[in-house]
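In the two complexes that follow, chain A is the common piece, with chain B as its partner first and chain C second.
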Partner chain A sequence: MNQFDHLKDDDSGDHEDPVTNREEKSDTDNSSVNNNNNNGRRKTVSPGVGEHPLQYNYTFWYSRRTPSRPANTQSYEQNIRQIGTVASVEQFWKFYSHLVRPGDLTGHSDFHLFKEGIKPMWEDEANKNGGKWIIRLRKGLASRFWENIILAMLGEQFMVGEEICGVVVSIRFQEDILSIWNKTANDQVTTSRIRDTLRRVLNLPPNTIMEYKTHNDSLKDNSSFRNTKITL
Partner chain B sequence: MSADCQKTTCRAIPTRRVTINDAAHLPHDYSTTPGGTLFSTTPGGTRIIYDRKFLLDCRSSPVARTPPRCLPNIPGVTSPPAAPAPEQILNNNCSAHADKSAGEDAQFEMDI
Partner chain C sequence: MNVKGKMEVSRRRIYNKHLQPARPLRRLNIDPEPQRNVEIETYACSHTEDKPINNIGVDQLYEIIHLHSQSHQKPKKERISYSREFLIKLASSPIAKRRPDFLPEHPVVLEKPRDHDGSRLYV
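The block that comes next holds the complex of A and B.
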């Protein structure tokens, strides 16, 4: 709780960019409902001259659970904010370098990087038949693993066609969790290829526990990380 | 089995053209195509593939270091590129955040 209070106080002083100041006036953390109006709008983002295009455009999102609200779909959608969309490697670094490291986030919060047009929600058309691999990390590892999983996704290292939807890093009380979402949960060739690529690009020790959960199961038990299927 | 094989249809390998206006945009090695790497066996045809090292190298380019426009202000999440105002330094937590964001190079360096 104290951490959240601190962040609200932090709202007033140190941001000198006129663009962000304009938005800041109406934006305390709990009122992001009104500021969410850019979530549905889509501006076409394209690579600048001389930039290296990505196979897909990706959108950064940030969400934090507000302790006062119940964790249902509606409150989740209200608490998730778009940060920006990138079309090139250079545009990606622009945004990434101006976000705090996930390991330095406070509270119950998540960064999401999803293909443009896919909302990081179980109910999205692209996700509803999908699922995710989950890797639980002890505190202190999230920032490095987040960067490596992002670079693998942007660089098209997974070799599963259109299957990848996005990646999430979830900062929690005792552990941090990395997830990668794909479109078709029952496509075993795809899910095992994603798992094997994860082991490689994250350089996971052989005994690392990997868990898979379909979004359908998440909808049923209203939980992201409980009741998963575990593989070694 | 053979009946199944005959059902397979032919399809052109999808390609994508990348215009080069400057020799500097040419890739450094022969296995790389402009704008990415050619992987003829990728499902769906050519995809733009980058390895981790290449992506990390792009980070130091001037474009990549420019702050993005329209970055929403989310306290504790998006950090301003400017140094903190003097009164902010009094608050230890705030200055710790700002210090981390100000050093762009150091921010995500691999430390382990």
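The block that comes next holds the complex of A and C.
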């Protein structure tokens, strides 16, 4: 994956690699993503002259499940690809406008936009005590909702300090799913504020079902969207 | 570099400044209005960074750098927030359509930018 080589320097995280154990276990695993966090020095992405800086840098990721493979963490990590990291509003639009709209994707695939340094994985240091809100969307709504949740995150509309980790849009067979990940699953003030902000920025109807699932529960049942806690 | 040591040195030098007349005073004495000098003198002593730029010594330079690094830390506490409307407005700027310098070849990556269709579809 030579075309990703230049991204490795740009996009690896500040955190200690949370998948080190996994890497040690698998000696055949040479995916580009696994190598991403191995170097300590990296060029940081910064806003260009005259651009509007973002509060945080964000990295675009894309993943697609290979139908033949079981959905374990290792194959997930091999299937997830970094697209690029942005530091300003202008840089964000550059990438965003060069990416397929999520609603035009087919198959079992996900776009992720996470703070630079946080992998969109339950095991990441920033995610291991966290969880996510889930909103299930009927087909046809994913592109609009994806854009609105991204803009709310980039624009710092959630007002929960450092708590937001990233957002995901998941294209599935009969529905699409929007998720927003935060750091501390048991911080109820934070999770309810995120929920209320979501209702507002996505303009959700009052009867929309919102589900919360901790990443710890996801690790236990190896599933992103089953066995969630439902609130109305 | 020992930052703490450097800060102590610069603080000591600021202290010394108050004990002896500041260098710019000699220049200020040229001023035809002697009464104003008193005000300027205290002003110059308490705000060393406001001294004329051509009188900056090494110690003052350290002070300025120190003040600068402080002032750069402050904005980080304030969140950079943008409204949806403002962000969407920037989507139509020419720079937002430019291809990123590093874009991997990938099925989800487009050759040409798609238009931002927010206003058309999402109102």
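What we mean here is this: the second predicted complex is superposed on the first by the 189 of 232 C-alpha atoms of A that agree within 3 Å, B and C clash if a C-alpha of one lies under 4 Å from a C-alpha of the other, contacts with A are read in each partner's own complex, and residues count from 1 in each chain.
Rule of thumb we're sticking to: a contact is a pair of C-beta atoms (placed from the backbone, for glycine too) under 8 Å apart; a residue touches a chain by one contact, two chains touch by 3 or more.
Keep in mind that what you see is a predicted model, and the values were worked out from it rather than measured.
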| item | value |
| --- | --- |
| Partner chain in contact with A:211 - chain B first, chain C second, else both or neither | neither |
| First (chain B), second (chain C), both or neither touched by A:162 | first |
| Which of chain B and chain C A:116 touches, first, second, both or neither | neither |
| Touching partner for A:151 - first (chain B), second (chain C), both, neither | both |
| First, second, both or neither for A:106, with chain B first and chain C second | first |
| Overlapping contact positions on chain A, where the chain C interface meets the chain B interface | 6-7, 10, 51-55, 62, 81-84, 89-91, 93-101, 105, 109, 144, 147-148, 151-152, 154-157, 201 |
| Chain A-touching residues of chain C, taken from the complex the two chains share | 79-84, 86-88, 90-91, 93, 95-100, 102-110, 112-116, 118, 121-122 |
| Touching residues (chain side chain B, partner chain A) in the complex | 21-22, 24-25, 35-36, 42-44, 47-52, 54-56, 58-59, 61, 63-82, 84-85, 87-88, 91, 93-94, 97-98, 100-101, 104, 107-108, 110-112 |
| Complex contacts: residues of chain A adjacent to chain C | 3-4, 6-7, 10, 51-55, 62, 81-84, 89-91, 93-101, 105, 109, 111, 144, 147-148, 151-152, 154-157, 201 |
| Contacting residues of chain A [partner chain B, same complex] | 6-8, 10-11, 13-17, 19-21, 23-24, 27, 29, 35, 38, 48-55, 62, 81-84, 89-101, 104-106, 109, 143-144, 147-148, 151-152, 154-157, 159-162, 201 |
